[in-house]
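Please find the structures below.
Each of the two complexes below includes chain A, the first together with chain B, the second together with chain C.
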Partner chain A sequence: MSGVKQIAAIIKKDMIAELRTKEMVVSMFLFVLLVMVAFKYAFGDSDNFSTYAGGLLWVAFLFTALLGLNRSFVHEKDEGCLEGLLLAPVDRPNIFFGKMIGNIIFISVVEIITIPIYIVLFKLSIQGSIALFAGAIILSNIGISTVGTLLSTVSINTKMRDMLLPLIFLPVILPVLAAAVVSTGGIMAGVTGEKLVNVFSAMKLLIAYDILFLLVAYALYDFVIGE
Partner chain B sequence: MNRATELLEKEKNEKDLNPIPEVEVKKLSKTFGKRKVLNKISFELEKGGFLSLFGPNGAGKTTLIKIIATLIAPTSGEIRVAGMDPTKNSAVIRAKLGLISHSPLLYLDLSAEENLQFYGTMYSVPNLNERIDELLDQVELGHRRYDLVRTYSKGMTQRLAIARALLHKPSILFLDEPHSGLDPHAVDIFESLLDNIRAEHTFIMITHNIERGLALCSKAMILYNGQIVFYQGKEELDIDMFKSIYRQRVKGDS
Partner chain C sequence: MEKATKLLFAIAAILLLAGLALAFFVAPQIVIQKNGQYLSVFSQKIFYFHVPVAWTSLLAFIVGAVFGALFLTKKERRYDFLSFASVELGFLFGVLVMWSGDIWTRSEWGTWWEWEPRLTTYLILMLLYSGYFVLRSAVSEESSKARLSAAYSVIASVTVPFTFFAIRIIPSVHPVVLSMDGVAMEPTMLVAMLVPVFGMTCLYIALLLMRYQTLLIGEEVDYLKNELGG
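Our next item is the complex of A and B:
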């Protein structure tokens, strides 16, 4: 029970700090908005934009998530707070789950605001199930946050942390990118039949990926956050 | 008195005479890559003792404290904290430790109360709100409890850091250059708090302040290049020898 309270306290602490500073969500939001405007200039009048709309959206979200993930441990490093947290009798995976859930919330908030803007800007629509679309996004966010939180913990203790995270994060996250594009792209296009099977296969891949990396993080976090 | 009672009595007397040291370090070494930061360090600190740890930057003082605090593992050697092995009982040991460092270990965008609530939850402190009230009164910050730490002066931040370190009533306190950056008022509060809690805590203090370090300690140690070059109890402390070694090793290096 104290483990759940500790995870909740870490999430609450991050939320309060973010509500006061607004530095993470606002910078993520502005970044993704600028990327969308750049896409509009580059592909705005393209007839077949809807075929690669999902891919571009997730490329934008991945780089936006990177911005947030890079910042996620900076507050912990400031004034030695990470050391204070590590000195407490907290199971290391609880620190991971607290930070990871916080990252999911931040990424999701940015997506909730920007997806409608993206749809309006490029005259798109979600022709499939909205619930399925939301499910695919949540599964993708879990994957991004799990791997991102784990790897940002690795990079925070290095001198080149801003450079290192993208270099180690992007290769590992490619399966999520592919599955997120197939699933959300398919749902937006309202595919049926065999293509709908592909959507479900992509979502199953996301579930498997999320479970695998949650287990990896649970098993390795003590070591990763230690020395 | 029968034989069993006699044996129990004898064992109790032996324990009273030779209590388990609060911190026991035997031939402890730590290597980072090819660099040997600690080299076969051995010492004991009794319960209620106060070890003042001196040495130049890079001598291994912080590494030693981090190993005792279970934050990093030693490369070789043995260590016992409150009779327990940190590699097997790290969470139990961490619950007994507090750290007052020159970094406050506080979240600047949270208020004093939010910081203490957060750390109190991490340590599962019972009756947390009462404990927070008590500590904020002790460090004279009750009137600023809802203000963000970012708005505090250095002295106020350090006083809050003291409250944070004492929140869970630790039995061993690490003080890592605790006087650094403190204004005279904060030093007074800090020293009076230290006096109040002196009897029920064991202290290990890293300091460059010889006068304060020697005044407070029950044992003094100088670390140099990962080795103990001076280690004496206060009763037998040879201050001239201490100062001569300190000058040679520490001042000569800086």
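Our next item is the complex of A and C:
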């Protein structure tokens, strides 16, 4: 089986499992809604959320992604599927790419449903280019899934399991959070001039981060997933 | 190795004491102009401690990642010990950086904490490496502990430059308070800074070797215990 086919097979397996139970996307979606309601009360009777638009979005998405990333290997490990995957004649980095793309799909589905609700709830609007907005989100999703899949493989192999993931994932993902907030926040506010340059430098940072961590994951996955 | 460690400790002691003397007696007192008045800034002296520990802690983290990568390629136990010892020391020096920086921030800016890029980068760096120790303690089997923590030390070291740049693209509400680039350093100040930098580096290498030896001894003790059926 070629590499692409192996990756596709893993993604397909995850999709079928998800379509049968729907547990991941549904719980991630409910969680992100709850976080948004919590935000409403955390910020009191403030009625103008536009300053925090990017921040609100990404804090919610990051924690939601964390929820999904934890699940992504927990059930593999619990049902003994991971051993099966490791025994199958599949290259280790392909397991990574399969799981990573699966995670991108889950996170993106939740985001596509949530963003309109979020815009309505907080009376926001996307004043800049929608394509650019989508681009910034996709770049951030790639970063989150790459690092998340790599580190959830690390955490699943420890005693602490899902307790450990936030502790090692959040500090590593902070550059993505910062860049995602600057870029999406800027695009939503429809900034121009010097601030738009800031948006672009944030997106360049996201691209660099994604490429570098894809390489790191490719190089390290063999060691991380275990013998 | 023991001799080398002792020698390095001695060199470190001499250089660090010389550094102290240079900082307090040779380097000129900084004078700034504030509201038309000239003020001498004694608190700047902490700079001669702060910069050496900051340099050493970054060096230690980089060395930790290099040994981590070496462990992953060569699979030799000693690289794991060196990597762990180095990250541990990096963390220790990092605590000193934040502590000495805080004292200076308090006396200079009047607050214990500012979300200034340099401080923030360091805080995140420390959180990043706190995860390293939690990860190590969460794995009981020695070989996976070494493998996972070596991988994490590499991941962490890749993150650091991104953190550095990411924090700088956030539009800051805070005015630029201090920029060392603008300040031309007097030759005596440079010497007073470089001497403790070398001293601290020697201290770091000495401590690294010492910690490495204790880890080796620890392993031997475990082995002997198992031999005796304990």
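Assume the second predicted complex is superposed on the first by the 221 of 227 C-alpha atoms of A that agree within 3 Å, B and C clash if a C-alpha of one lies under 4 Å from a C-alpha of the other, contacts with A are read in each partner's own complex, and residues count from 1 in each chain.
As a convention for this text, a contact is a pair of C-beta atoms (placed from the backbone, for glycine too) under 8 Å apart; a residue touches a chain by one contact, two chains touch by 3 or more.
Since this is a predicted model, take the numbers as computed values, not measurements.
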| item | value |
| --- | --- |
| Touching partner for A:Gly226 - first (chain B), second (chain C), both, neither | both |
| First (chain B), second (chain C), both or neither touched by A:Lys40 | neither |
| Partner chain(s) touched by A:Ala17 [first = chain B, second = chain C, both, neither] | first |
| Chain B or chain C, by number of chain A residues touched | C |
| Which superposed partner A:Val154 touches (first chain B, second chain C, both, neither) | second |
| First (chain B), second (chain C), both or neither touched by A:Val90 | first |
| Partner chain in contact with A:Lys5 - chain B first, chain C second, else both or neither | first |
| Partner chain(s) touched by A:Asp78 [first = chain B, second = chain C, both, neither] | first |
| Contact residues common to both interfaces of chain A (with chain B and with chain C) | 226 |
| In the complex with chain B, residue positions of chain A that touch it | 2, 5-6, 9, 12-13, 16-17, 20-21, 75, 78-81, 83-91, 226-227 |
| Touching residues (chain side chain C, partner chain A) in the complex | 72, 124, 127-128, 130-132, 134-135, 138-140, 144, 147-148, 150-152, 154-156, 158-159, 162-163, 165-167, 169-171 |
| Residues of chain A that touch chain C when the two form their complex | 147, 150-151, 154-155, 157-160, 164, 167-168, 170-172, 174-176, 178-179, 181-182, 195, 198, 201-202, 205, 208-209, 212-213, 216, 220, 223-224, 226 |
| Interfacial residue positions of chain B with respect to chain A in the complex | 69, 71-73, 91-92, 94-95, 97, 99, 101, 103-110, 114, 117-119, 121-124, 148, 164 |
